[in-house]
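Multiple structures follow.
Heads up, the next two complexes both have chain A, just with different partners, chain B and then chain C.
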Partner chain A sequence: MATNTTTDNPIRELNSPALERGPLWIRDLRKASLESFNTTPVPPRGLHLWRYTDPEKFLLKNDVIDTAFGEHFDQAEEVELKHFEDGTLAGLVIDNGGRQIDVRLSGDLAQMGVVVMPLSEAIESHRELVEKHLYQTVNNTTGKFEAMNGALWNDGIFVYIPDNKTVERPIHLLREAGRANSAAFPRLLVVVGQNAEVTLVDEYAGGAPSTEDGFAYCNAVVELIGGQDSRTRYISLQRQGQGTISYLTHRARIAKGATMLTVPFAFGGSISKQNFGVNLNGEGANSKMVGLLFGTGRQHFDNHTMHHHSVGQTFSDIDFKVVLRDKARSAYTGLIRIDHSAKTCEAYQENRNLLLNRGTRAETIPELEILNEDVSCSHGATVGPLDEMEVFYLMARGIAREEAVRMIVSGYVRSTITMAPEDLQERLSAVIADRLGDL
Partner chain B sequence: MSDKKPLLSFNDVHVEVEGKEVVRGVTLTINAGETHAIMGPNGSGKSSLSQALMGHPSYAITRGEAFLKGESILDMDPDERSRAGLFLAFQYPLAIPGVTVANFMRSALQSHRGKDADMSDFRKLFKAEMNALGIDHVFATRYLNEGFSGGEKKRIEILQMAMLQPSVAILDETDSGLDIDALKTVAEGINRFHNDNNGILLVTHYQRLLNYVKPDYVHVMKAGHLVKSGGPELALELEDRGYDWVVGEEENQKVEV
Partner chain C sequence: MTDAVQRQKDDLSQLNNDYATRYGFHDPVDYFHKGARGISHEVVEMISKMKNEPRWMAEIRHHALDVFNSKPTPRWGNTKLLNEIVYENIYYFMKPIEQQGKSWDDVPEYIRRTFDKLGIPEAEKNFLGGVSAQYESEVVYHSMREDLTKKGVVFLDMDAGLREYPEIIKKYFGTVIPTDDNKFAALNTAVWSGGSFIYVPPGVDVAVPLQAYFRINAENMGQFERTLIIADKGARVHYIEGCTAPVYSTDSLHSAVVELIALEDSYIRYTTIQNWARNIYNLVTKRATAHKNATVEWVDGNLGSRLTMKYPCIQLVGEGARGEILSVAFAGQDQHQDAGAKVIHAAPNTSSRITSKSISKDNGRASYRGLAKIHKNATNSKISVECDALLIGEDARSDTYPTMEIDNDQVRVEHEARVSKVAEEQLFYLTSRGLTEDDARLLIVNGFMEPFTKELPLEYAVELNRLIELEMEGSIG
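Moving on to the complex of A and B:
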């Protein structure tokens, strides 16, 4: 069984130069990942987390080459460059599919010992830190496609905030996927030291704007380590073109007393599968996820969140909102896992799905694996159309229906957008306005 | 009475909700400068009539006619009715998370004035009306009705009325849930709004609001009909004697005022 479900186009046929990148210990890890990818069967459709999306879509086809990258082309670049220049951002990284990674860091950050650099450089200059954490939370055992990234990441970004340092302004990472028939494998490793604080915006842009010329492919991995009493805000913004097949696995592990706010925005891609997970690994650890997904056209989203309480007296909360219009689809699976030994935990989860028209479809699947009884837990899910009473109320004040709907939806997503740094909120609101523009 | 200018008039209006007829032929004319009160027990159909006149999607007018300043409103959407000059103060105003009172108010006023109309006076006007109603300015940036007390919601309804300056305002149980101070403030707001060019329809169960907002005419509604009409003294009588003594002999009478 295992043999005939193994992919029929193993990566070695692509002869990716990425496999030969890095020092020997990295090349060994890449080869182990490659081996794992080639021998791990494609997940069967019935398997957990693959019920709603065909895994075959994430296999690289032979006609996909990994060189179809050109100049930077995303309009966000100009905006964020301005934000860096006027001092709104403490750092800006422009990552062109891993081919070229330009790092801009304000002087005070460098003085503080904050490190933001291409992963390929950090492997040499900060080997101890990188070796300690890279492949620790996402690796071959996570899954077939995570192994694929482990083998093929072109280059990645490394962020390190030293102990007791607070970075007050956001650091923005702008990652551009390639156009049609390209493949990108971004990777991010973030280490936040003890009692350190940082806000990171991890933006995935570019990709193929439509499927006319074929698909662009992107398979990303994010690993975050939050040290004791650290405070991390991590915003993930997926707004790749609608001809992009996009896969992302995120894992964070936070220590005693650490807080982590994870804010995923999922707007882009043709097929987008994202998996955000936080492991609460020390007493008093606190993780909050506030997500927003807005699908239009024929977009297909498959999002998973996980809170894993492996230590007692930890707190987690998820508020994941979905808005769909046209023929967009979304499946959301939210797992709360509390280990047997993790007593007196609190874990909450809410998933609301707003369907703007018939023809959209949303699935919501809460999953609780709670292995002890001394916990406080709740989950809630709703799927439904707009509240017509709200629409009537606004119309009764003279506001036309389309405008009333725009106001209600913009209001609905507002509490999520305000979780992002202020300088990003304008762009996020513009995405929402654009998606509601032709209602 | 030909010098009177009818603002809202409806004739033999029937309203159905979920297939059930709850208003069974009501006729009334409100002229410029007049205040009418429709009083009645719970379930008499008075709120259903209000909702139906505003165009609530669940309350269908199945028979009859309704005119605002001579123009039939039955084919108008609720926003068109509003822009034509009709206002309904909701009994249970809805909370709209993420939409601030100021943004909502600005959008509403912009809709009334027209898409490209000048709004440079908005802030000044908005602040003045908030001051007049004793509404703290922090409410401007709060989300519409979210977490507001009953009294706060009703004040915000009156604020909307004051800003939009409708020709006819229907106030549905605006007095419910108000303590005496809030009741006075709201009543003052209504009185300040009222002039010779507009009309008011108060829909209420109790007469206590009528101590502060003097109606010219009082109508009693029972089981979907207006069963009795009179002057302000009728409200006092209802307060003393309840609704049971009003019998149905005046059912379906046409109120000519």
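Moving on to the complex of A and C:
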């Protein structure tokens, strides 16, 4: 694990090839990020978002960054390739830890002017768009680990939907982390034009299946820009192996009249810290987050959501559900912030935690920061076991206890799963069934 | 914005605006002892010497000063205001008079007049079982009804408590709030003076409230009272504290430590009406331990001060213990009420409820900061938390920072929070039924505060309602 020598021995001394990638202006941004990473102290434990997770876990040993990534193949590849071939998907990107990025895009999308390509190519071919938005919503000022990604991302994905275009079928991004003792720094930039519409599935797979041979590391950054009146559905699916230490920061900024549906699914990783944030930056902007976390074994999750209303007459809603079993642990911090000038906003937030057995542990911190009076806000949080009355009701009808529990939990997670595109729902249900396996 | 809403704002901006005339006066005092500004081991030693304390207490103090010096200022909460405190500028010990009075006639006239104006002797006659009046660092008047003394109830100021019951104090002092709990608890432990010591023997019900009143008179004063209340098995007691201070242009510091110990089957209610002047930093640590089947209730009203950081806590350590915290905060111009509540469940079948109400007006900021924690062994425990915030004025700010840490699956934890302004629909509804606008507004604000006022002893509820009513009436027409 990361030791003090890691902090004393900054990654500056590493000759990571990523630092030299891209044209000069990108290399300058990387250098600035590296500088920021080196000079930003490790967040002190106990301070706000780091109260439940040790930041040292996300610092890497130098040799890990350098380790060859190796070939990798996740079972989802086959399924999603089929989905692309049979036309269910409009696009499929297989991103092997930023080492190799394969893009498949159906012909009609290319005709519409939709762009899906490795970030390294977009920097050259769509420089204006990339320069305008890259490092805008997540950058050095966001935090130490965001700066780390800003320096070390090898290659990323760029998605652009032109104004007034509707992409009806989902675009699937399959991001694979490496095996033990490797590190991946995925990066994604999505620009949705005015009045455009898209559904994106951003899946994080691979990683070390167990901690037997050491941890795999993944530090991802997602930036989304929703243009005026755009409609975006973004599904984040984290199902990396249970030997993976995973960090992800997501920031979306949506303009006037835009809607954004963010659906985080958190299933994978040994330690997984994810931060989803939407900035409502234009009148009538509407953001909804519907999240589901299911922890088993000794998994440790630390999730944040943030809705930042910087403009008035904006609406946000969060429904984040947590299910824990075995010795799994979840800390959830949700923040609603309404700026002084953002009048007449509505913001809601709900966090429900279902604990399936003793030994699980849930932390919930739903926060409000309201800087003007003309708002309507509420949040709620609950933590508790299964409702024994419901279990009893089903058992009284001849259903075995385990089956009854499965049915109740499946019902509990159903409303979140149905937020995903239909072709993905089957896989999600299978994950839930698997997690409920031997109750 | 309708006129009604505009006027609502005007009305509430008047709340406490006669503070200067009602509470803000100060006496020209010839202090019996006025130490130098600043804090050091010499100051600590001097305080201990003047009080003629046992050596073990002096050692606790010196150790606490080292802890205070070694701990950084909290990096959370209102760090801007916290960092503005100039510790060297504060008087840590001021002894107003040589001898404590047993009757008001024993108290020097200028001090008696102060407490007369605050209505303390009047309240004592009418409905209190005992009164302690602290002026700067020490209690200047203390008395308790004879029947309570006969029952064995001990109600003393803390200095007298240490003189008369050193063994009880040695046993419990700092056990609920250890010296190194936080920077301000350490400071209090180093320089504490005054406060109340209460012991209620097994089975005794102190049916009438005991009250302490804390008054700061001097500028740059630091008041560090220390309170320890022990309710023995099956005992019941209600303690009330109030506080005010003159208005000065420079800041004073009030940093109390309050420890409650509710033994088996006992009941303690602790009511605070905090109405410090707006130049006072109020950084207080309050914590209770509730043993088997005991009940502890904190009723905590914060109206005054510049910055309050106070989170009354209940540790439920015995099976079946119950806790309730009712917190009301009112943040006006330039005020930050960082208040909240903490419940820690460390035994099975424990339950707790937190109700927080806050009003922010003008550029005031009210924050709720809380903790609801359930330990592994606290099976079948229940927590319910409800936070309501009312915002009045465009620059008002409200924050909610609750934390729930749940380490047991056989529990029920619920948290809810709402933030809103005074609804125009409500005003319209009431006015359309013939109420005048003032009455409608009054009704809405009083209704919002009602869960708090209904828990106060009648006289205090009347006083609080009167305070709100008076200010609101004052601005009409």
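Structure notes:
As a convention for this text, the second predicted complex is superposed on the first by the 425 of 439 C-alpha atoms of A that agree within 3 Å, B and C clash if a C-alpha of one lies under 4 Å from a C-alpha of the other, contacts with A are read in each partner's own complex, and residues count from 1 in each chain.
Heads up, the rule we're going with is that a contact is a pair of C-beta atoms (placed from the backbone, for glycine too) under 8 Å apart; a residue touches a chain by one contact, two chains touch by 3 or more.
For clarity, every value in this text was computed on a predicted model and none was experimentally measured.
Using the contact criterion defined above for the overlaid structures, shared-chain residue A:367 touches chain C, although it does not reach chain B. Of the two partner chains, chain C is the only one that A:381 touches; chain B does not reach it.
A simple residue count on chain A separates chain B from chain C, and the partner touching more is C. When both complexes are overlaid on chain A, the residue A:414 reaches chain B alone and has no touch with chain C. Of the two partner chains, neither chain B nor chain C is touched by A:20.
In the superposed model, A:392 makes contact with chain B only, not with chain C. Contacts of A:108 after superposition on the shared chain: neither chain B nor chain C is touched.
In the superposition on chain A, A:340 contacts chain C only, with no contact to chain B. When the two structures are aligned on the shared chain, A:400 is found in touch with chain B, with no touch to chain C. In the three-chain superposition model, chain A touches chain B and chain C at no common residue. Per the touch definition, chain C reaches chain A in the complex via residues 75-76, 360, 376, 389, 391-421. If you check the complex, the residues on chain A that touch chain C are 44, 47-48, 340, 353, 355-385. Partner chain B is touched in their complex by these residues of chain A: 387-390, 392-401, 403-404, 407-408, 410-415. Within the complex, the chain B residues that touch chain A are 54-57, 77-79, 81-83, 87-88, 90, 93-94, 96-99, 103-104, 107-108, 111-112, 143, 160, 164.
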